[in-house]
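Here is the structure we will look at, set down as structure tokens.
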């Protein structure tokens, strides 16, 4: 499968069989039953050093959860996460702190991730203080201002408090904060969704630049498929806690195999009112995670669903061209 | 060029309110500073020896009342001592005890509360057990314990006052931190590898500090009144030494016949507490970015 | 998709300036904008991040907060909302004009279940309150389903932190639709949604417009969304409106260089370039805006007068723009 | 919450009560003795000896402690040395007085305090805010004694409307309740105000406004519940506060409550009575604190007291 | 509750007694009420004459023996007629007879023990082991009150009895609520003159200011423990008055010469005595309404009052001289006291300290929490001066100075002070020869004030009351508040 990937192939982050369930009904009284929802069902992927790795999928399919589990915000129910062959789950003390320097996370909800009582510039350079002490305060400040400017903001914005910024400005602040430590790996959870296209472009260019210059590895979670396509070397597509397709850029966007991926790509609006696109909106109820459909989780909405789809769960198969997909229709011997 | 017609409403209050505050704050600040100055300079500015008993000039009312004597501005007490001088010395002692006591108490309680919230489990249980212990133990008994084992001394007394009420800070700090810990900003800094100390002091404390600040200003008069109960037990400030609490406490039998003995120090306590609240609120507003 | 079916003006913003005391040295962040919204249309607002889109929206329903101030007029049904009393504005909010906030995740009450927050919005609706047979809970579940939340029954009991970013955004949309407003201001309602659900939401909005003649102001960065959903579009920059007109015209042959730049920045799904096109330079902050056109510092088509004079309004049929040196018709923006 | 959690809490509660009683046991015995109080100053040494033998005070303290604990486990908390009857009875006979006073003042304090706090926060930084605060702080920082006396002066001496002290009829309640309410409301008022100010500027309040809620609805449904953690926290130690705070009120009005009994029993070293009262306080305290902990979880669903349970 | 013509007297008191059986203890608060509900054989009138009460007549056989004949028309509160059996029970096993009995110690302390014999249904004989100069007088004291024997035997427990004893007095205990109030009701079958009140309510209001306000707002008719400084508050209001004055109790301070090395030197103690300006205290703190006794004795001792003796008085020069002679060098002397065991204790202590410091004595005030920390042997270390008081239970030095400083007195027993001379005088005073007794009494005064003082007198303890003018009542000169026939009148 590595044949198509042209960059270095050293594994950096290896996620194996990751599952995560959440308690959704607290046992308030001892006689009540607990209820869990399974959000991730055995996710496997490997991110190579220096690559930009895309993670797309339906809203609520578990993208942020995956990222948060990697970041140790949630502890995984089962599975392992290896970072440069260090097992991350259950890491403690100094080692944990060291890893924190290497992997950074850009939160999806920037307002929530910023302390309302601290001017944003201080929050941007705070990671430096955490890891390198208070000494270089002035330098830190300068560095933070540089970063702010590189995402299209001004020093003046730094003195403001989160609630005084616009949505897009906050998003850039959070991004700047994550970049300030110059981590080896950056996990961005929809880092550009609130930015206008021109600034989006600026930010994406910045990401590409640091990737080139510093060899940073990117895990890029986004709904903006054109950006993902532009930025990411390889991309996984998730659906309801499962990976349904995984391929490199050209393969995925030029020839999506999984019906969900196809419908995703079809649904991208085109900024040209003259082009009237076929609206291929997925039909059917979005199923519940608590009672996931039997067999393939996508089958109730799948345009090409077959009877067998509701019985057997497809596995993520490596196809001859190196890509992976989980769809019974692609498996040999299954008749359509 | 642009007028200041605001767009707020009842809940999102308007601009004018913030400015009108300054006079009051100024007054409060001046009062507190005056108290501090009086406290420091008491020996210099007190017109009389505050312990000098003069039975022939007992219960002289304050100057502005009938029978007042211009050499005793606030009158004299039941032993003919100058109230003004005693007030100065009382302010000196009470401020010292209350400020030190409150600070010790706040630091101790908040720290323990944060520790409980951070570690949870057994540590939480243990600290909460201490809290329950302290809260259900009448303070009097704790004081008795101290008397039983130690000699009465000022340091000990301040230490005791530092224990008075720590459990409240601990509960507040724990309760608020439990909630704050789960908030995005705390989670976010944790992913940067911030130490718990940093998370608590730099991030959670400012966000929960207002409640603790209020508790501190609320604690002040209680600490002062606590002095009295402890004095009655033979701990802390004892006659002929004086403190605001003792002036009120020992003057209470005279409240009908010679109100000035208890009311003048009581008003001092009140205005000081009020000033602290006002300044506290002002600091609160200053620190609140929502008002920026 | 034409606007002339119904030309009745629903909302008219006249010379609106908005600012914050204390920040930006008190300089306004929205500077004298004029905007007309007609009943039943979908108006798209796009623009630079920080250009004042959200602030404009907030000022319409007077939610600027503690230190915000406004100047100018916001006429809703001919009534100036900026002058109306507290009670009047309360009765307008939610029922007449509803606003979907950009920051859905933080804008939901973290300690109440989403169901409760939704039911609360429903309870405020007069028409339902008079109808004793309605079951608010059912209505709420229905609404959640409509915005594409899976398993709405269960989600009702969950709290915002248990939902994903996109789900929270949909809850927010549902809450604001619950009031059945005449005017819906949607501030980037689909940013956290994947394209399939985004399409579903947009379809819902269009349906509402059609069925209830709901008027919608849609703030978005996604030019594709504007192209597919809106009737007219306004482009904002630096607190001003740069260009304003029917979507077909604004997005196809932009007159203003900023619009042009925006369109050029968007990567196409079918093409790949090494570097994305960006507009050079940095957005000026409100206190340091140039005297003339706010875009003049970054404009490739800048002419002498741009820096010192505010460009006048140019009307060109149904489109309007402010520019001394507009881009010529027919210049193709695709790279 | 699961059964392990409950067991842990129960164990903790037992341990706390044990700690408190042991502490009280030791301290009271090390610092005094009821003999003088019962027999008088000039009692003969023989009488003293007889008395001490009668109540077992002559035994080594460890033996006394062992007796005390083993009796306590059997449910016998011992007699009141001063009153002769069982200590539990002595306390129980005063308990209704205290409970009535407590319930009435608590509810009043609650309502008055929270309303004042709310008003102050809504009128943040206006004259109304300041006026409310001055009243609250005055009530709170004026010694209870002074407040009580002033009320009596006004309502009993001047107007002659209410009895100045004693107990028996509903009219006797009014002044003690009023005194305590005046003194203690400030606690709730100040905390409510400060907590509300935290909450009123949160983004979700804007959402609520945008929905079309009136300010009163917002306060009731969003602001107040979200501001309630500190308020609920005070409730946790309210019982201790009110019993301690009641002592002075009780003595001003000659109200036969637990607070006075406690002070009296400590003073005269009526060991068992003190023990019963302290046990009562600590049990109620532990109970309310447990409730408060559980309430935290309800008030803020993000809080899980037992972290790690997912 | 009150019907129109019921006469209810409401008394605002600082405290109610914990026991209503006279032998359960003996303290001021008990003394305040007991005679209203209990009767003794005989009673001492203010003028010194003896009034028969339960005893019709008596016959003192010798120094040790006395016979009483009981009245025959007396019934107890429970309805049982009085006879010798009641007396036998009152002084019998289970109450006062043997060391384990609850009343044994109090009885022994105040009146000494008796051997009681029933002569016939209405005659009883009391015999003492030693001759007793005060034999008859002993039977005026509360502890010799007679209880209803049948009721006592029927009682469930001593504790229950203690708060609701059944006696023969003009009122009976109707309700007793500790710390709250206590109700006495008129006993209709009282043998003597009918009680003037239908009901007496003693309501506990511990704080002085609320008590006064309660009086002024007509919640109480009489209040106790009013300080002279408050008089104007009461008197300035129409319809209210104050009364009271010194009672038969001398306030003292006591020196511990054993525990305190400084006080070992009698000159230092004498200096302490001389430097107190007692008149000044009386004239200022008590507005001159109390009295400075002539040493530890009372004027009403009659023959036994040593008028020619001149107590130390105030003489600072002499005090200074004494200190110089003693080579006193500012050594610290501790003065332990409590907050309000004695009225105005804190104020007095501070005043004394100041007076002492004026002559160069360095006295350090040490506030203590309870008596244990002051008077017990364990607390002796470092003890210097403590507070005390001495009541003249009977009008005789034997029950005041001799009881105080004699060999069985607290200070000698607890080894705070010893003096053989005093002990010799005590022997004489305990005898029955009036002349020798008087000499001994004088000698005791001299030793205890001028030669080897174990302490010194301060003033007579005053007791002041506030009352509504609806009540006609005068204090009795002792702790007792007499509400029996002839002593009180309540108009509407």
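Per-chain numbering from 1; labels A, B, C, D and E assigned in written order.
Keep this in mind: contacts are C-beta pairs under 8 Å (C-beta built on N, C-alpha and C of every residue); 3 or more make two chains touch, one makes a residue touch a chain.
These numbers come from a predicted model, not from an experiment.
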Moving step by step between touching chains, how few steps can get you from chain B to chain E? 1
Higher C-beta contact count, D-E or A-C? A-C
Would you kindly say which chain has the C-alpha centre located farthest from the C-alpha centre of chain A? E
Roughly how far is chain A from chain B, going centre to centre by Cα mean, in whole Å? 51
From the C-alpha centre of chain B to that of chain D, how far is it in Å? 20
Mind pulling the chain D residues that touch 2 or more other chains? 31, 145, 149, 201, 203, 209, 215, 300-302
Chain E: which residues touch two or more other chains? 207, 209, 213, 369, 373
I need the residues of chain A touching at least two other chains; which ones are they? 22, 109, 111-112, 163-164
Tell me, which parts of chain E touch chain B in their complex? 207-209, 212-213, 227, 229-230, 232-233, 280-281, 284-285, 339, 346-347, 349-351, 353-354, 365-369, 373
Show me the residue ranges of chain B that touch chain D in the complex, using the header's touch definition. 9-13, 17-18, 20-21, 24, 120-121, 124-125, 128-129, 131-133, 135-141, 144-145, 147-149, 167-168, 171-172, 175-176, 178-179, 182-183, 210-211, 213-215, 217-218, 220-221, 225, 248-249, 252, 255-256, 262-263, 266, 269-270, 272-274, 277-278, 281, 284-285, 288, 290-291
Of all residues in chain D, those that touch chain B in their complex: 8, 12-13, 15-16, 19-20, 23-24, 27-28, 30-31, 122-127, 130, 133-134, 137-138, 140-146, 149, 186-187, 190-191, 193-195, 197-198, 200-201, 205, 209, 215, 218-219, 229-230, 232-234, 236-237, 240, 244, 262-263, 266, 274, 278, 281-282, 285-286, 289, 292, 296, 300, 302-303, 305-308
In the complex, chain C residues that touch chain D: 61, 63, 65-66, 86-87, 90-95, 98-99, 101, 103, 106-113, 120-121, 124, 159, 161, 172, 175-176, 178-179
Interfacial residue positions of chain A with respect to chain B in the complex: 71-73, 96-101, 104-105, 107, 109, 111-119, 126-127, 130-131, 161-164, 174, 181
